[in-house]
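Presented sequentially are two complexes of chain A, the first with chain B as partner and the second with chain C.
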Partner chain A sequence: MMDEMLRTNSLTLGFKDRIVIDELDLDIPKGKVTILVGANGCGKSTLLRSIARLLKPKSGSIELDGLDMDQLSTKEIAKRLAVLPQSTSSPEGLTVSQLVKQGRYPHQTLLKQWSVEDEEIVNEAMTSTGVFEMADRPVTSLSGGQRQRVWIAMTLAQRTETLLLDEPTTFLDVAHQIEILDLCHMLNEVEGKTIVIVLHDLNLAARYAHHMIALKNKTIYAQGSPEEVVTTEMMKQVFALDCEVIEDPITLTPMTIPYSKKAARRVKESLCIIEA
Partner chain B sequence: MKKVFTLRPQSGAFSLQLPIVPIVFTLCLFLMMVVLMIVGLSLGSTWVSPLAILQYFIGIDVGANTFIIESLRLPRMLVALLAGAALGVSGLILQEMVRNPLASPDIIGITGGGAVAAVFFITTFSGVLPMSLLPLAAMLGSAIVSVLIYALAWKQGISPLRLVLIGIGINAAMSALTTLMIIFSPINSSSQAYVWMTGSVYGSSWSAVQQMFPWIGCAMILALLCARAVHVQQLGEDVAKSLGARIQWQRLGMITVSVILAGVAVAFAGGISFVGLMAPHIARFVIGRSFALLVPTAAIIGGTMVFVADVIGRTAFLPLDVPVGVLVSGIGAPFFLYLLYRNRKG
Partner chain C sequence: MRERLLTTRSKIIGLILLILLFILSLYMSIQVGQQQVAWYVMFDALMEYDPTNADHVVLYHRLSRAASAILIGLSLAVSGAMLQALTRNPLASPGVFGINAGALFFVVVAISFFSIQALTSLFWFAFAGALLAAVLVYVLGTVGDEGFSPVRVVLAGTAINALFVSFTQGLLVTNEANLDRVLLWMAGTVANRPIEVLLPVIPIVMVALIIAALIAKPMDLLHTGDEIAKGLGQRVLALKMLIILVAVMLAGGAVAVGGMIGFVGLIVPHIARFFVGHQHLWLILYCVFIGAILMLNADVVGRIAIQPREIPIGVVTALIGTPFFIYIARKGFKQS
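Then we have the complex of A and B:
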């Protein structure tokens, strides 16, 4: 099928004796936003890292555009697939534009270090992420949200069709979480990029994903549209949590409301009042 | 004024970015070095005027001074300069590679390996084999120990932190071994070994310069070619990999260049410490981040430190000739602390 740009074939991942992902066959649709969810330690970041070839599979293979990733050179892959790892740190004193420029690395050679094209693409990447005004400021002086946008700008400068993001909103407040995900949405909508995100917030995942994948027990528990994936049953099985699933009043996507000890007490109290 | 000049001819055959201010700084440092060299050549038990030195360089006959400049002072100064430059760049590459400002060839055991081999050579073969083979022994020692460190640090690739820790361990073992050999050796060869270990360029000849130059020249060019790898690796292992950098090969390349530089320096000037640690830091104070400019700057600063220390060592304590390594650490360390102190206030 031409619609799958990334595909894994009986992919097994792990560390030493521990298997994290077992014989996984996964298709990631082209030109869509795919969001991976699952409990802590279920292997969703591991899976993303291996697709990004930051981790060698124990067995199985990964196909990119119908080509086995093992057959492609690292630079060739870097021209097709960009990755934003979970934790990034930029060296002291590095400016925004210097960092974004590094995104051109796979396209440059020893002799061609800064072509007109490089310059245009870097400026474009900084503009579309809204960091152009900060071009000469050191990255370390920026706020968490700004910093994340700079790193995304760097991956954009790579000019790849696919972008992988590993928990890009982890250290951000809710406004900046929305800002980063809106940016991803825009990149998908306007530039037609295939985007794969590992995300913890299920409600935001349901809002932004075309395709959701829930992982459990070293393999896929459910996948499909947010409506198909986010159900009370899935929440119980994957997260071991009792939930109500209602409709998000703004986007009409599924929204989970978890039960908790405190909530349970409240419900009982209110029931008592009604009975009385 | 624009901060960066872009070199990009119409044909598009190549393109480079050149930061203007740091380039000017590098050139200033180079000029300063040349001036200090002329002053250094003038100083000594016999004063030779700077004018005579300039005359010598442009080929005017300066009579009896020719012997002093050509045979005594110039080769010694050039060996000091080359050794210092090599150590400065060697330390720079290591620091960038392990992303740790405390790395240097004398801390992670590269110099220590050279010392063991050299001391072994002095204590065992002194009088048996010609001393002209000493540099070869020292270089071999550095190379063998570096391979050992690299092999021990390998764990599905080289992790920089592991490399440093293993290097420190190896270094401790090497210094124990050298001390042991000195204790068991006869007194005359042990004092010779001591002088070698502190680092000395006493009695350096033109043949030393000729042997050092090709190694150091080639390694410097290779160091410049590491610039792209250094910059991409500064973003961290994951990001560098995802940008398509073959980081294990790059690391192997960087270590090799660093070992060649440190090995040659150790071979001809002995165990001069501290330059490899300090010169890159001073270079960064002046230049900032651009690795391609840090290489020449660290070379200029490292070289200047060592030859200036040597000029002081051979003139300030006449008739004694104090080994250059003593002065590098003796003057360098307080100066370095002063720089850090000032940096804290600024």
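Then we have the complex of A and C:
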């Protein structure tokens, strides 16, 4: 059994003349939660989108389960890999179950239409994301957190081993952020899914990731366990921010406390008081 | 908005009611007019047409225009539904896409420069014009850094529409002799269209409807968003090309037969969605019947409103459509 199910070979990504990711070789471990971090515009979303074949690489290749993605049909890929893009507009006039059902699309053909098995898989996906009770409600009537769970339910109905999520917690309050990440954690623990997430919140990333990848200068700056990746040096290099890194009192994972102009003033003030 | 007919059962019952309403409208369309003709004469006329029998002649004319109305109504309605799905814009329609204006312009060119009179030949010009306008609008709305955007497509459509309308007017002003012949095309009419003219259009419309039914399910998926659809293994660009092709085949056919008939392609999909929501197979089926019913009745109204003269059907649909358009536009803005 291979330990990597997703691998990029000298992958170069970009738009027109601008290169965003340059000759990247990346392995994503199987059955783990991998979280991509980096400054705005560092190409982490671009990388995720290209792995999900939503963006064509300029050069290089991506391997899925040891197969070149270019050789696989887009429907075949959809049976192995599910993606939740960043900007999902909630489609008008669809109920929760109608939306989740779309996840079965790659498994259907002109001859093989909706089956009892499909129905069961959809119900299961709605149950494990806790949206089963809202099955007949229009998606547009739901809150942001509920909507995101419905979208995740749709990707679960796809029954793939790998799940890619692009900033799934954006626009959610902190309680719903935890809820979504707990759900990802559960899917990894219980169902053994390989999950790749692009996330902005470093402290949450360090909590939930088995494997972290920090991107800078069109390539990987650091990768490994959260303890290996989240350091004061990485924060300085990748985010150009001075930080203290302490231990998260709950999970014992690294936690960053940034310095800021205001904090600096407070420190100065207290120093003045001491001097006086 | 949520659909009113939730279960498959209720959707089937709704469809049966629509079919009954359709038959009633067809009957009305053949019966209503200045000259009263007993309905059983219709069978005689169909079985053994006698060109010297005045009743037969009247029936033949009414049947022809009913056939035109049905064909145009269902084509424009389904075309509008396809374009609204493509652009995710509730105000999209063949008219907004410039398809009508493109077709009209080519027809005027054919009449003015090539002195073509036969409707069957004009049809191909109309079709080419519709295709050119649709491709121009799609390219203008798509090319650029941000890619395809519904708003840019509608803006491009408005521009192309204005361009072709200006060209058409320019040609007519410089060549007034053709004005009479073109005027009815511009107003939109189903009068004096012998059934033979419809014959080349029927297979095209049939093929388009079959393709529409086959891509109904992928269109359901497209409704969830381009990237979601791509992620689920849909070849989105190919699907969009097919949608445009179907929309152009249908709208091009409709314009070729009846000229500029507005609003049908805009409002019928909304009425259909009100009942069956965004399941496109049902939506297409409902559009077929609602479109036909609307056009049959608009034609009857046009025939009897100011007897002995007639209001062109395009004017009737505009009278019904304008308030509806304003309603949708206001509702749409409130939502976004």
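Here are a few things to note about the model shown:
Keep in mind that, in the parts below, the second predicted complex is superposed on the first by the 275 of 276 C-alpha atoms of A that agree within 3 Å, B and C clash if a C-alpha of one lies under 4 Å from a C-alpha of the other, contacts with A are read in each partner's own complex, and residues count from 1 in each chain.
Here is the rule we go by: a residue touches a chain if its C-beta (ideal position, glycine included) is under 8 Å from a C-beta of that chain, and two chains touch if they have at least 3 such contacts.
What you see is a predicted model; the values in this text were computed from it and never measured.
Superposition note: with chain A as the common reference, chain B and chain C are in steric clash. Applying the stated contact rule after C-alpha superposition, one finds that A:A52 touches each of chain B and chain C. In the superposed model, A:S115 makes contact with chain B only, not with chain C. Contacts of A:S61 after superposition: neither chain B nor chain C is touched.
When the two complexes are overlaid on their common chain A, residue A:K75 makes contact with chain B and with chain C alike. With both structures placed on the common chain, the touch criterion links A:P138 to chain C but leaves chain B unconnected.
Across the two superposed structures, the residue set of chain A contacted by chain B and also by chain C is 52-54, 73-79, 82-83, 85, 88-89, 91, 93-94, 98-99, 102-103, 105-106, 108, 110, 158. Partner chain B is touched in their complex by these residues of chain A: 49, 52-54, 73-79, 81-83, 85, 88-91, 93-94, 98-99, 102-103, 105-106, 108, 110-116, 118-119, 158.
For chain A in complex with chain C, the residues that touch the partner chain are 15-16, 52-54, 73-79, 82-85, 87-89, 91-95, 98-99, 102-103, 105-106, 108, 110, 138, 154-155, 158. Contact residues on chain B toward chain A in their complex (touch as defined above): 6, 8, 12-17, 99, 225, 228, 231-232, 234-236, 238-239, 241-246, 288-289. Across the interface of their complex, chain A is touched by residues 1-3, 145, 214, 217, 220-221, 223-225, 227-228, 230-235, 273, 277-279, 335 of chain C.
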